[in-house]
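Naming follows writing order (A, B, C, D, E and F), and every chain is counted from residue 1.
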Amino acid sequence: MRPSGRAADQLRPMKFTRNFTKHAEGSVLVECGDTKVICTATVVKGVPRFLKGKGQGWITAEYGMLPRSTHNRVDREAARGKQSGRTVEIQRLIGRSLRAALDLKKLGEHTITIDCDVLQADGGTRTASISGGFVALADAVKTLVDAKKVKENPIVSQIGAISVGVYQGTPVLDLDYPEDSSAETDMNVIMNDKGGFIEIQGTAEGEAFSDEHMVGMLAVARKGINEILEMQRQVLADDAE
Amino acid sequence: MRPSGRAADQLRPMKFTRNFTKHAEGSVLVECGDTKVICTATVVKGVPRFLKGKGQGWITAEYGMLPRSTHNRVDREAARGKQSGRTVEIQRLIGRSLRAALDLKKLGEHTITIDCDVLQADGGTRTASISGGFVALADAVKTLVDAKKVKENPIVSQIGAISVGVYQGTPVLDLDYPEDSSAETDMNVIMNDKGGFIEIQGTAEGEAFSDEHMVGMLAVARKGINEILEMQRQVLADDAE
Amino acid sequence: MRPSGRAADQLRPMKFTRNFTKHAEGSVLVECGDTKVICTATVVKGVPRFLKGKGQGWITAEYGMLPRSTHNRVDREAARGKQSGRTVEIQRLIGRSLRAALDLKKLGEHTITIDCDVLQADGGTRTASISGGFVALADAVKTLVDAKKVKENPIVSQIGAISVGVYQGTPVLDLDYPEDSSAETDMNVIMNDKGGFIEIQGTAEGEAFSDEHMVGMLAVARKGINEILEMQRQVLADDAE
Amino acid sequence: MRPSGRAADQLRPMKFTRNFTKHAEGSVLVECGDTKVICTATVVKGVPRFLKGKGQGWITAEYGMLPRSTHNRVDREAARGKQSGRTVEIQRLIGRSLRAALDLKKLGEHTITIDCDVLQADGGTRTASISGGFVALADAVKTLVDAKKVKENPIVSQIGAISVGVYQGTPVLDLDYPEDSSAETDMNVIMNDKGGFIEIQGTAEGEAFSDEHMVGMLAVARKGINEILEMQRQVLADDAE
Amino acid sequence: MRPSGRAADQLRPMKFTRNFTKHAEGSVLVECGDTKVICTATVVKGVPRFLKGKGQGWITAEYGMLPRSTHNRVDREAARGKQSGRTVEIQRLIGRSLRAALDLKKLGEHTITIDCDVLQADGGTRTASISGGFVALADAVKTLVDAKKVKENPIVSQIGAISVGVYQGTPVLDLDYPEDSSAETDMNVIMNDKGGFIEIQGTAEGEAFSDEHMVGMLAVARKGINEILEMQRQVLADDAE
Amino acid sequence: MRPSGRAADQLRPMKFTRNFTKHAEGSVLVECGDTKVICTATVVKGVPRFLKGKGQGWITAEYGMLPRSTHNRVDREAARGKQSGRTVEIQRLIGRSLRAALDLKKLGEHTITIDCDVLQADGGTRTASISGGFVALADAVKTLVDAKKVKENPIVSQIGAISVGVYQGTPVLDLDYPEDSSAETDMNVIMNDKGGFIEIQGTAEGEAFSDEHMVGMLAVARKGINEILEMQRQVLADDAE
């Protein structure tokens, strides 16, 4: 029995709100149970120095938590003058995952920055950031397509992400904070809409996990990600936006 | 005629939403036109080193803008490793202003941190932070009173803040971004509910201002702050909270 | 009765020494009672990146205290690797105030940096820095005019500054350290030679201040600044310099 | 055909040299083909603040590359004043993996720091660091056991690690730099001597990977790690040490 | 012929002004030709952590240049967030040299910080800092002796310093900036009043120097330092102080 | 009697291993007793900004210690975000010394970076870095000569370095750690193959040193450096390289 009463393969209620703020090219509030993250996508002309003249674009991500998005206040990283190791690890994961959505050649020399800022944390902030970030990215790319700044839509894959774990011996989908803090294993799975894996990061917490657990976790992850991909398609198809 | 069509002494629509996030002792979304700021108040036992053993508490504030809260993305300060001079200046102002709300002796050895994070900026983020921060502070203090961790309510003044300016020669209330960027003078006024000034910061932008302008700005500021103080009282009186 | 025995509207003895050091384009030691600040002005060709190609110049200021300029030694900011919030706030104020002295268009693409370094502190270092910084700025501008690097003298206003406060209920001029540390209100006033306000920053320390106090403080500030402006004119007119 | 001519499931020649330097409690040079990493383990009494009084020990890891361990010189992180995101990510992985080797309660209030410094890089530095780090850790723990500073040997699992990937469509073991830079997928696998997974990090580089690829990669990883665990046992059993 | 017209073994005019500022336990303006440095000595109770409980005191030094103490403005180190390598090197030299003046056991658990801040630079700032720093140190120690906070005067040696060099083939004393920038060799010599060497740092600039040059440089250094030691004794003997 | 039983003018066994790692243009492991340092030389096209367009090259050095190269672990400077004063001082010395080996004009617009990383420390790491760095530099310069990227061999001097000291009243050569930590004086001497001094840095530790000590120290230094220069010549002449 999960603390939340959910079935082992059941997502929390999830919601994408497009155009959540007004300035960004893409701005999405993603809610996954009590986890709430603002994902904005910013498009600028030009690329980082290491890509100058290579005829391709770039996507990068930054991640932050509001100091009191968590049970206890965490120090503001801007005040400490340093991003934590956890933050660095997460924003690199988000960036790698979302770069898999695009043909960077087709993006041309544009850089898109995905900012994921956690308003409220209740487990799964990094995978919510990726799922929400994809929607913000799609909206930002649309502004380029509409303005004819790219010749062809550079989006080649749809990207979704979810956390899974082994909780009291059972593979479960979409860990919330109470589960996350006591799960034996925690795995983040990022997939595309062709069913391929983009990234898998599984960590044993306390006890090693078996091949069997892995197969079980990947099965529930696949089911959950398919539901998320469907929700993304629906919200992006919404004419009212 | 103001760009927004407002009268010279008219506030933008303003709204305080209490309990906006779930973890903080006080959490308020303050909206002032299109300016939106989350203000949270965090209470911890203990005081900074310079106050150890003095039998009093402390209030401090931190301020940040989400990178894409503005027209163009601003660098994430956590990534740059440094808060900007503007940020430092603002958070010192918020902290000083809200310390005037309390008798720090009555607060006992507790520290309250007010985090003001701008989701969307359209002028007046620092004064919105103070007005919203006061409501979050009041909620946080209530948790101390309710838990009998303080003997007496330490709040001695209600604090409200607004920006005023001289726009095309006329003193106007509550500058939005289009006005702010072209006003001749910009002044932030912070007052308490006894009509006293807590802080005044007026800056000539391009042209010096006269005694007459100052009198005019202070008059509209006083009117606006009285309306804000009334809104704070209403939202704090709300039983449903 | 003030600790120093001065009248409520009486300045401390004040002195400007031009050409205090030999390398800078402008170098002034300003003494205001026991407060001593070296203000140097450095002129370089070129402007910061955000002004490139706009056909105008720039003035910026930096402020520092020698570690033992104060009663107790303060940490050397270079060793701590960070300027304090107070320093940042002060140097932004000095920069804004002195930019009001010039028509930046007429300055052409030059940058003038005003360095204000406190040798000895006894209250009022930021306003002394502005008053002394103006003299250093005038000398530096003169080198540009004399070398015909600007077509027209870009100085359009003379700038003076002083601190005022409410001490034991009375508005007083030019707070020294003993007054500053016990005043109820502290206000820095920056004005030009047309009697206009450039910046006003008033802060209640402990108790809010009234309209009446404000009128009183501005009156003594105006008197004091007029005396400072006259001293600046005299020292700048000195042929021997 | 692999660039090195190795079979798909063949490790590079691998060697552990214990007591490589003389000061550390554990000091191991691990060589994996041309990849060479010094792993040292340092034991100190006491634990980080967040573990004070919990009656357990801690293991942490740091990772660095000598500036010219790579084809082109990389900036010295000490000179840049900042560890790169990649470094942070790697040292967190090493620390998590090696903590799985111990019962931290049995370690008592000791902290062991594993320093992994890359002398020469040719792919697989992070997994080599973990495999070599385990040997250094074992030696360091032995000093505690021999000195009777712990009651019971705290090592509960042996830890080995290897990278695998999909190279030209085939799952291959132990990527060297030429393979690593052109592999479609790169996965780091960390396992213990009971055949359980400690951590899996798989990243698609360019193309998503399938369930089938994953099964193939895990199979070769398991074979390679078993060989590494056997080598670790042999070197640790060596009486001459 | 030297640019200044001085004889090869002639010092520039040198002057020590005690009590230059009012807050420090020792405050000396040292002038050596156009080089002007404020040296202050600050005494605090207690020692750095690495000396806790060893029953001895400590002396440390910090060095800084006002940004416009030089021909061209140098960046303010506090603003850059970092002391330069040159600064670090110099302040370590000053600290080592002045520690040789005292029996640190007799100093008891006090820390004396010598701050050397260059108002105007014209060569020889580091040796001027040491010579002036000694006088400030002596004054600071006197406050401890007078207050009976130390049982016995801890000063065991008088310390003086000067730069020498090889200029156009000839050993010369007390390089000023024009000589310093074209000398073949630059050597800083620190000695005590028993004629012993405390520190010697000689650097060939462009061409190696011979034993003969070294003997010549040390001879003029010894002469110059003897004169400086005599000046220190005179200024410290001055009753009026 | 020295702790190691060596004669007063006897070097520790010293060894240079060229091509120690494979990527660098020059890579040398220098061993001096138990002190072991990797010196690599990296050549890049171009020069630092302050030399742009001056038609000359540059040599710079960086120094680091592996955290557990010493008896007790020292903090990793990359993790602390700052190089220590000692590190800065040492790398400036190495750079200055090795620049004396070359005619920088003949080097053309190339920059050579010498990285000296201490694997194991037992006294004399800075002089070992210089002696080993020279060999790495020579190898790196050879790649430029062989590739005809310089017209003429820019090496004009061979550089060797050693530490000497006064130990129990006697000048001794090549201090190891036990001597270094109890010597009365410590002096680093850098010379070229014409017998000229490049740099001398002598520091009294506890007691001032006399002219006589200096003469004695320089005599043993000269003997030791001549032996080192001979070893450098032999290893560089080795055909097998």
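One rule holds for everything that comes next: a contact is a pair of C-beta atoms (placed from the backbone, for glycine too) under 8 Å apart; a residue touches a chain by one contact, two chains touch by 3 or more.
Quick caveat, the model's predicted, so the values are computed rather than measured.
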Report summary line: In the contact graph of chains, the distance from subunit B to subunit F in steps is 3
Query - Subassemblies held together by touching, subunit C left out - result: one piece
Requested in this report: Name, by label, each chain that touches both members of the pair subunit A and subunit B.
Outcome: none
Query raised in the report: What pair in E-F, B-C or D-F shares over half of its contact pairs, by residue number, with A-B?
Result: D-F
Report summary line: The angle in degrees, nearest 5, through which subunit B must rotate for its Cα atoms to match subunit E is 120
Report summary line: Distance in whole angstrom between the CA centres of subunit C and subunit E is 33
**Report entry** Inter-centroid spacing, subunit F versus subunit A (mean Cα positions, whole Å)
**Finding:** 51
Requested in this report: With chain centres taken as the means of their Cα atoms, state the distance from subunit A to subunit E in Å.
Outcome: 59
Requested in this report: Hunt down the residues of subunit B that sit against at least two other chains at once, touch-wise.
Outcome: 81-82
Query raised in the report: Which chains make up the ring, in order, starting at subunit A and heading to subunit B first?
Result: A, B, C, E, F, D
Query - subunit C-facing residues of subunit E, complex - result: 21-24, 27, 34, 36, 38, 40, 42, 44, 62, 64, 66-71, 73, 76-79, 81-83, 87, 113, 115, 117, 119-120
Query raised in the report: Touching subunit F in the complex: which residues of subunit E?
Result: 85-86, 88-89, 91-92, 96, 100, 157, 187, 191-192, 194-204, 207-211, 214, 218
